[in-house]
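I am attaching a structure below and will ask some questions about it afterwards.
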Amino acid sequence: MDCIDSFNFNRFNQGDTMRVLSEVIKNIVRKPFTHKYPHQPIVLPHGFRGDFTWYKEKCVFCEICERICPVGAIKVDRGDVKKYEVDVGKCIFCAECEKACPKDAIDLTEKLTPVETERTKTIRKLQ
Amino acid sequence: MKLIEELKKNGKVYKEEKNEVWFIIPYKKIRDAIKSVFDSGITRISSISGYDNGKEIEVIYHFVKENFLLNLKVPIPKNLSEINTITDMFPGAFLLEKELSEMLGIKIIGHPKPGKLFLPEDFKGKPPLRK
Amino acid sequence: MIMNIIEVLLVPIFLGFIYEGILRKISARMQNRIGPPIWQPLLDFVKLLSKESFEVVGSHHFLISFLSILSVVSLLVIGFTFPFINLLNFRWDFILVIYLLMFSSTCFILAGFSFPSPYTLIGSTREITLLLAYELPLIIILLFFGMSYHSLLSLPENLIFSFPLFFISFLLITQAKLGYQPFNIGEAEQEIVAGYLTECSGFELAMFNLAKSLRMFIMISLASILFFNFKNILAFVLSSFIILFFVILFRVTLARFRIDQGFKFLWIVSIPLILIDLIKAIL
Amino acid sequence: MHDMMIPFGPAHPALPEPVYLKLFLDGEEVEDVDFSVGYNHKGIEKALEEMDYFKNVFLSGRICGICSSAHSTCYTLGVEKLLNIEIPDKAKFIRIIVSELERLQSHLLWLGLLGHEMGFDTLFMLAFREREYVLESLELMTGKRVVHDINTIGGVRRDLSHETMIKLVKNLEILEGKIEYFRKLVRKDFLIKKRTLRIGKLDKKDVEELCLVGPVARASGVLYDIRRTDKYLKYDDLNFKIVTQRKGDAFARTLVRVREMIESMRLVRLAIAFIEPGPTRVKPILFFPEKEVISRVEAPRGELIYYIRSNGTDKPARVKIRTPTYANLLSLKKILVGYTLADVPVAVASLDPCLCCTDRVTIVKNGKEKIIKWEDLHDHEHH
């Protein structure tokens, strides 16, 4: 049979609370599962798509990342004064730019993005 | 299948794929076509899509029976912009028709509870998905 | 004299907060969380006092403040009757305890009724229904041991051994009185937001929360006075913690009853339990 | 004559979802119910029309937080059908692993919420504790915990390394015991039974009539699972069972979901075993013919349908999404009327509503009936 009917028990059995009780008693002596997050750092696995980092020395200002970004968070100005601007508030951490970059100038590090209280502070003007 | 023969009287097949049949039904004959779907024993309507192609509004009913998908496309002239309800035969189309009516501005004749679903009650202006 | 009164007023309040802190800490550990520090309820209270208390349109703000203070005061007065405080002891002091316990609950209910909100209305109605279910067994238990604390002295020391079923049903009543699972029906947040306290804020909420922690202290102390040896202060504290542990265990392992189920459960379970022990004692 | 009207939502402690239920009560009994949705308009259907096919993969993954990869799988399957490309087998299996892990975390989240609705916070905490293992696996596999973004047109974006597979299997071994524990718990627990048995009944006829989908339909004995009927991806190669129940009450839905978790874990193990080295992505030819396709997947909550229509440009002409909760909403009246107020949270939770999926829709109103363009909207949302 490729379908199972999980109807093989007594519906009129009132049930008990023993299972929760035993788990709860065991938990008293266990170490807490939660962390005190900001005081205790968390470990992010390898390959986590975290905070946006850009390396100026590698970048050739080819504008590929600007074109490929789904949310338009990256602005590249390849004029006389070369400018690179990223809005981390818009970034969705998809890592498309990291994949597309021919010079490996973009890295989504294994760090969390710092929280800002103002919208303007999330725009990073990199030079 | 008998239903497909039946439907071919009302409209014509324009695309046929594995487990999928796409019909185009003239606006006048939609009631008969839906009736024959209902009579054939299909109870499940999965979705109603609408698309404004500039000249007319195409409404597509997607019926499902197990793995078989039956799609009926009905072009509605823009100056008419109304269609009979199918909620009397397929109660599952209740919300789908409501959404269709508010997003594409099609009047659903005989809908049991017309009114806005997603948009605010006092919404005025062009239906959002009209081109 | 002044020292004595400060002791009598502040010690129950302080202990009430500590009990609640312990309850929150241990239930957190039982759920494998870290949980708040033990003095968190005290901090909450102080913070709530500093908050603005909103006047709800269609209700009497003064009345609600008054009710919240009344419920705290009536619970504090119960503390006066405790045998090691000996401020307010007379021949029928259990009657006073029963009356004041019910009165403090009634303050909550009246506060709920005085708001023009469906949530508080339903919460209060449910609380009244529950009151009808647990008040009778409570009265039977208290009056069976005599009319006063004094009469307890003539009884054997640890009553829990001679009346174990009384103890079990008293635990159930405690749970219903405190409004913890499975009897947190009157303030079921998933159904009626916060029940009878939905519209309270600031000072009133702080007072009602204080009344709740005080009620926990009173009910637990009452249970350990009735069922354990209360002449020895160490034994009293120890037995209080045992009862507190039971309260936590109930709160953590059980879900909430529906009001009809809760009402039925209290009647079907606690009344027969009491009757069995009664018959045993009479024979 | 109704005694009183209780507003349930749009912001309510029981349901972290923006749905507004008007409950008309007589005492404690629910006599009538009226609902309104649409508090969560994101304008996604319109936005999908204004971005190109590749960027839309990320947008479709963000329609819903809990069934993120179901949405993007459905979208990419549709576009692949449109382009007529066949993706590599390895990509198919990786998609299966991610979507089954997602089903696992979604059902665990749901189990926790069910516990929360009946005041059983310990069950909530336990379920969320075990969910952490699933999220950890997903994080390791895809790089993010909730919005995985693993799919792309023509395959998957990240390969599954050997170490990740070992870690995945290890996590599954831990989870197996825990989920078995939950199965025993919900079948035997006194108060869970008391609160869910005979609540929110839906019989087979209602399900067929109202076109309900997913675990809700299966709990009433209707065998309707897209994984089985459509055999998309590689589901026909993997041996799994569809869980059904006959009674159709909240308890039956609980059992179906808990049993489904076990089947999901089995599927993940099987898919890992089936993976063979090879490419994970084919480069699609970027020519979009004028065509219309329909694609269906089984999301954690049931059948999810995308209708995609192209007009020859690099942007879709129309994307219509029918989410599972949207179909299941119709049953609200059936499962609420006649029960008491205390049963409302449990009954609503037993549908597992996800209004973020439902309210995707089409327009954002700016106070003065001004239609905002997608670009404006992006700046708008931060203010």
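Each chain carries a letter (A, B, C and D) given by its place in the written order, and its residues are counted from 1.
The definition used in the following text is that contacts are C-beta pairs under 8 Å (C-beta built on N, C-alpha and C of every residue); 3 or more make two chains touch, one makes a residue touch a chain.
Owing to the predicted nature of the structure, the values given are computational and were not obtained by experimental measurement.
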Of A-C and A-D, pair with higher C-beta contact tally: A-D
Report, in whole Å, the distance between the mean C-alpha point of chain A and the mean C-alpha point of chain D. 20
Chain B and chain C have mean C-alpha positions lying a whole-number Å distance apart equal to 61
Can you give the whole-Å distance between the Cα centres of chain A and chain B? 41
Report, in whole Å, the distance between the mean C-alpha point of chain A and the mean C-alpha point of chain C. 46
Among chain A residues, those touching two or more other chains are 17, 20, 24, 33
Could you pull out the residues of chain C that touch at least 2 other chains? 30-33, 252-254
Quick one: do these chains touch in a line, a ring, a star, all-to-all (complete), or other? other
With touch defined as at the top, which chains are paired up in contact here? A-C, A-D, B-D, C-D
Can you list the residues on chain C that touch chain D in the complex? 30-33, 118-119, 121-122, 181-182, 184-185, 188-193, 252-261
With touch defined as at the start, can you tell me which chain D residues reach chain C in the complex? 4-7, 12-14, 28, 115-123, 125-126, 129, 189, 191-192, 194-195, 340-345
In the complex with chain A, residue positions of chain C that touch it: 26, 28-35, 249, 252-254
In the complex, chain D touches chain A at residues 51, 54-55, 58-59, 62, 122-123, 126, 129, 132, 136, 139-140, 143-144, 147, 149, 157-158, 181, 184-185, 187-194, 197, 223, 228, 240-247, 255-256, 259, 378, 382-383
Under the stated contact criterion, what part of chain A meets chain C in this complex? 17, 20-21, 24-25, 27-28, 30, 32-34, 36
